[in-house]
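Each of the next two complexes has chain A plus one more chain, namely chain B in the first and chain C in the second.
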Partner chain A sequence: MDASVIAAKDLRVALVGLPNCGKTALFNRLTGSRQKVANYPGVTVERKEGHFVGPSRRRYLVLDLPGTYSLSPTTLDEAITRDVALGRLAGEQRPEVVVLVADATHLALSLRLVLEVKRLGLPLVVALNMSDLARRRGYALDRERLSRELGAPVVETVAVAAGGADELVRELERSGALAPAVASAAAAPAADWRDPTPEEVRASHVEAARILKAIGYRVPLRSRAAVQFDQVLMHPVGGMLILAALLFFVFQAVFAWAEAPMEWIDAGVASLANALNAALPEGVLKSLLVDGIVAGVGSVLVFLPQIIILFFFILALEDSGYLPRAAYLLDRVMGSVGLSGRAFIPLLSSFACAIPGIMATRTIPNVRDRIATIMIAPLMTCSARLPVYALLIAAFIPDRAVGWMNLQGLVMFALYFAGIVSALAVAWVMKWRSKGARYHPLMLELPDYQWPNLRNLAFGLWERVQIFMVRVGGIILAMMVLLWFLSSYPAPPPGATGAPIEYSFAGMLGRALQVVFAPIGFNWQISIALVPGLAAREVAVGALGTVYAMSGNDPDLATTLTPVIAQGWPLATALALLAWYVFAPQCLSTLAVVKRETGGWRHPLIMAGYLFGLAYLAAFVTYRVALAFGGG
Partner chain B sequence: MDAVANNEVVSLSSLSKGEHATVLSVIEDGQSLGDEQASTIARRLLELGFVPGAELEVVARMWPGDDPVAVRVGGSMFALRRREAQAIRVRRGAAAAPTTDAGAR
Partner chain C sequence: MLQQLVAALAVAAAALYTAWALTPARARFTALSRLEAALGPGPLRERLVRPLLKRALPAGGCASCGSAPAAAHVPPRRAREP
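Moving on, here comes the complex of A and B:
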């Protein structure tokens, strides 16, 4: 065979394995930064592909398939794994080699999956992952015998160590070079697949147990520390207290640690604006760049540190194995309003941003549970609402002590709390409305504890940062430019006495909207700011800044805006706006994601409608009550 | 361990924390799991390792209502809601194999 021909052909490799087997870590180890994340055609399951070049110069396209316990799917993710492996998914080529990633510390279930995957008829390589950890815990097996029993090569990998995938790469080179023809033939869609019957599942367990015995597999022992950890962390009372303390610490850290980097970003944006101001001649271009783009994008970019810190904790907790235990602790509470404990992880992410939160609901197998979680995710106070809260609290809530707490902090906490309570109430109403609801199982694996791996954390964080930056670069930038245009044109007529914005399109729009918003105490300036706030909530702050001062040479709008609104607005208006933003019709990008995830307009429309209704109601009640108590 | 007779056949949900048992069967008739997805749930329980003969240990039970429970089976641990746990028939007591490296570390 001609070596250059072989080298020229790419080999499509799919990684298959149980959840928590370290598959994604192995994927990161193999492909490094040569990854791209997209969706499978037509569905919303994340498709992670990367590539690497082997020593023979052959290129490997590696697909990280969603983790699964079997090829009889119970979730959308698991269905994708089966369909891709079978070559059934339209628009997706069938892989030519399957690498089955088995967790060496829990071989039994992985081995059973191997037996199922073998039926696919694809060339198979079994990777015993986490073999270092397993060995430290006293694991032993006869690898040659295992390979003979399975009829597939077996390699050891340590995804978290440099060079930990070398043995796998060597094996791929060897089997790939041997059988490109075989591989291509196998890569045709499998015609005669049917899901295994319960009898076959039982039989595969028996067979797996027989093989484990034959290869002399010694089950790695759990460390006593891990057992004691569980006694404490999963204790009905103690575990809850620890969870509460942990969440408190995380949120504290999000605010405290982000302070300095946020100031740097602010300062950086300010100096950029100053430089542009000095360098450019007066005119439209300067106004667009400084008032529109730099100020607008800067006001959003400033939340990057908070998002990074929150996701750092979420990813670290997830990697360590703690998050599923938190889901276990909260399942009962969340079950009482019709949610699954699994909803905890997506909802926690939603405190950073509802978009990754909604995408994370894919791990919830039941459709109704998943929709319920998606519908309430925007009620978790995302970091985009922070600037609005921060601005209004600084302007209207006195900075004084209440007991050992601070009144401003207390109001902030109350706003977060109001969001959570409303979310539970909405979930409860949804549960009550679907009376005939079926029973939803939990069946959640609680994996062994392990130290989070810094490299994997870095990969995960980088992915989030990219998502956020794309958002800033796309929709928010466009909205800021549009808003700048609307509030700059048409120019005021000669001899006009008011501020230029009053004569612009934005001014006209604001006055029209004021008819709707006057009953809840919003003036026309707020009404205008709400419109771009639909694109992204945080833009409302920038928009208010733009509206109040089209001069806007100071990009630090939040600080200059504070005295202006503190003098200009009645307290009742400020409180009503705070109440409005607890529910705040969520940003357009959230609605777009909901449409994508639910496959239609129905749910995003219901969501927008109910949030708008609740926001209006809450603001109305707040405004009227505040007026009655003399807050006018 | 209390004075309950060993070898008694019960559902997993009635085991107390720390108790060991051996799986007899997973009920698939939908009586316990409620509806047409019962067979899916039963199959997944099988796939997770709740197969006849498997030894398990109740690691933790949440309060109130002992729902959910955390069960260690075949080297893995799973959280099950009460109704999944009720669908699993077990025989109380088992030759408790050591699951920790007691003493080491």
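Moving on, here comes the complex of A and C:
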């Protein structure tokens, strides 16, 4: 690419700061980007870049770097920040200006980093972020004096508000560092950098304390309400009960609130199928469109409302500041099975998708802890499992109340819980096998409570919708077309009495695989669906839609997968398939990322082996037990 | 006949797309970089290869997820310590 051309035109600005000081929000504000923002540390685990154009028409390249407490890294993500700032990353030019983002409500923590960054010799602008919040809560400081003490411009920013970065942009434009000669000199790699000695670290602490005193920095007492909230939400027993109740409510809502929009989508898909049936003459094109694409893609698309509702709650909890409290609550449980407290955030991210979760393990300094977290991350129930769970629950679990609870929501909650318990059990086994492993306590900065930011919520939900629609319109659509081809050819021989799919490539494959899957109750249609489902879990739902549409002559089969499997499968098979999906690592992207993050094939192969083994065992036991209780 | 031709084209396109989407990110990035270098200046390079290469550029966080448009992620190699 034209990295050199871009670099010659753009001024490279690096955003450096402590974890959770608002760097990514500021990055989004400056560049109009939509990177994920959350109210807890460790969201950014490697550098991201974006552009914006200043009032003088100069273009800026902004680098969003992982949060760090110092330039002497203890974790992989902190090392990225250090290496970019020093110009030590191959293929990465050194930034020409550093914007040090300091949380105005936690200035004492940021000052030591400011003093350290000053040693880099790069032009520096200090952005006092969340300055509106600090003012409202009674923090006070002399900004002019701070600027004089630091020898660098200090500007106020409010990354989450429109216009909140204007002063920073004006300062960047004004800065004398923009002269090309200064910028190019600054961009040279720092060859003489060395980590500070313990004496220098102590001296910088003393200097930071002196500056805080000089600028009259005043920290208000915590609000009474926040203290009372914490006393309740972080209570060892009461807090756990509240956490369980919250999660339970979320899964109830996923089923109860999504019913109407799911019916609308279902009706839209059915109308489209009927219109195509009426408009097209009999032939392969009609079969491709109706039985292949509409039946397959429509089966997955219908779960969009449930995904939106689930992520609405997850994003709202993130933004409110509750999740780090949940991490604190769960730390003791995680520590008892040998997991680091720092594993909470990566595991939480894995509920959306295991890939960012596995990448977030870079914040875990201990290698053993990091590998343990990577190995159990796929057991967290990612959003791709939701369509599979929702389909089977809707087909086999009665929509009735159990006390004040909905049975379908209860089963969904149980499946998520099963994933968590399995992960803890696997972590315990790993701890038991590696003698000498010791507990690393969680050190986490608790953010203040805040109302979820509507812009963040809207962006977050829009991002999830986009991801889902890209999958539906990309890999799922392509897979359905291929599966339609495999299910249609070769044509049945003359005089054949069965459905055409039984004589096709897919039919042959399904029957061959059924030898393996028959002991766990899977029929040949499920066996076929598991193959394209290796690319991504939800593809299996679309594949089932296509396979069943191709299996019968009823045109309604193209749009009504739920009743078809409800009538065609025994309960034991459905429960076995649910158990299979709690464990099965049916996501090639996850295995590829594990290979990249661990630097070899050993761990992804072990992961695939143990997860497929667990999936088969769980499905076998579930199937046999269900049969024994009359579920056949 | 026309119907069969359209269906065959759709199947071929789906096969190509699936193969591309499931190819490891590093291999995709390398292939596109070589293709870009091999092609001379022209509309094919500007309109097809460069946009694809831009999407395959190293990206972080959620953009590295297989479900994101730029599923490719190539971590920057660490330079030798001076």
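Here is the rule we go by: the second predicted complex is superposed on the first by the 464 of 632 C-alpha atoms of A that agree within 3 Å, B and C clash if a C-alpha of one lies under 4 Å from a C-alpha of the other, contacts with A are read in each partner's own complex, and residues count from 1 in each chain.
In the analysis below, a residue touches a chain if its C-beta (ideal position, glycine included) is under 8 Å from a C-beta of that chain, and two chains touch if they have at least 3 such contacts.
The structure displayed is predicted, hence computed values, not measured ones.
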Which of chain B and chain C A:Leu588 touches, first, second, both or neither: second
Which of chain B and chain C A:Val625 touches, first, second, both or neither: neither
Partner chain(s) touched by A:Arg88 [first = chain B, second = chain C, both, neither]: second
Touched partner set for A:Arg202, first chain B, second chain C, both or neither: first
Partner chain(s) touched by A:Val411 [first = chain B, second = chain C, both, neither]: neither
Partner chain(s) touched by A:Val465 [first = chain B, second = chain C, both, neither]: neither
Partner chain in contact with A:Asp331 - chain B first, chain C second, else both or neither: first
Contact residues common to both interfaces of chain A (with chain B and with chain C): none
Touch list for chain B against partner chain A, complex: 28, 33-35, 37, 39-49, 51-52, 54, 59-65, 67-68, 70, 74-81, 83-84, 98-105
Touch list for chain C against partner chain A, complex: 3-4, 6-7, 10-11, 13-15, 17-18, 21-22, 24-25, 50, 53-54, 57, 59-69, 71, 73, 75-79, 81-82
Chain B partner contacts - residues on chain A that touch it in the complex: 69-70, 72, 74, 105-109, 112, 137-138, 198, 201-202, 205-206, 219, 221-227, 230-231, 234-237, 324, 327-329, 331-332, 335, 341, 438-439, 441-447
Footprint of chain C on chain A - complex, ascending: 1, 35-36, 43-48, 83, 88-92, 189, 191, 283-286, 288, 352-353, 355-356, 359, 384, 463, 467-468, 470-471, 474-475, 477-479, 481-482, 484-485, 535-536, 587-590, 592-593, 596
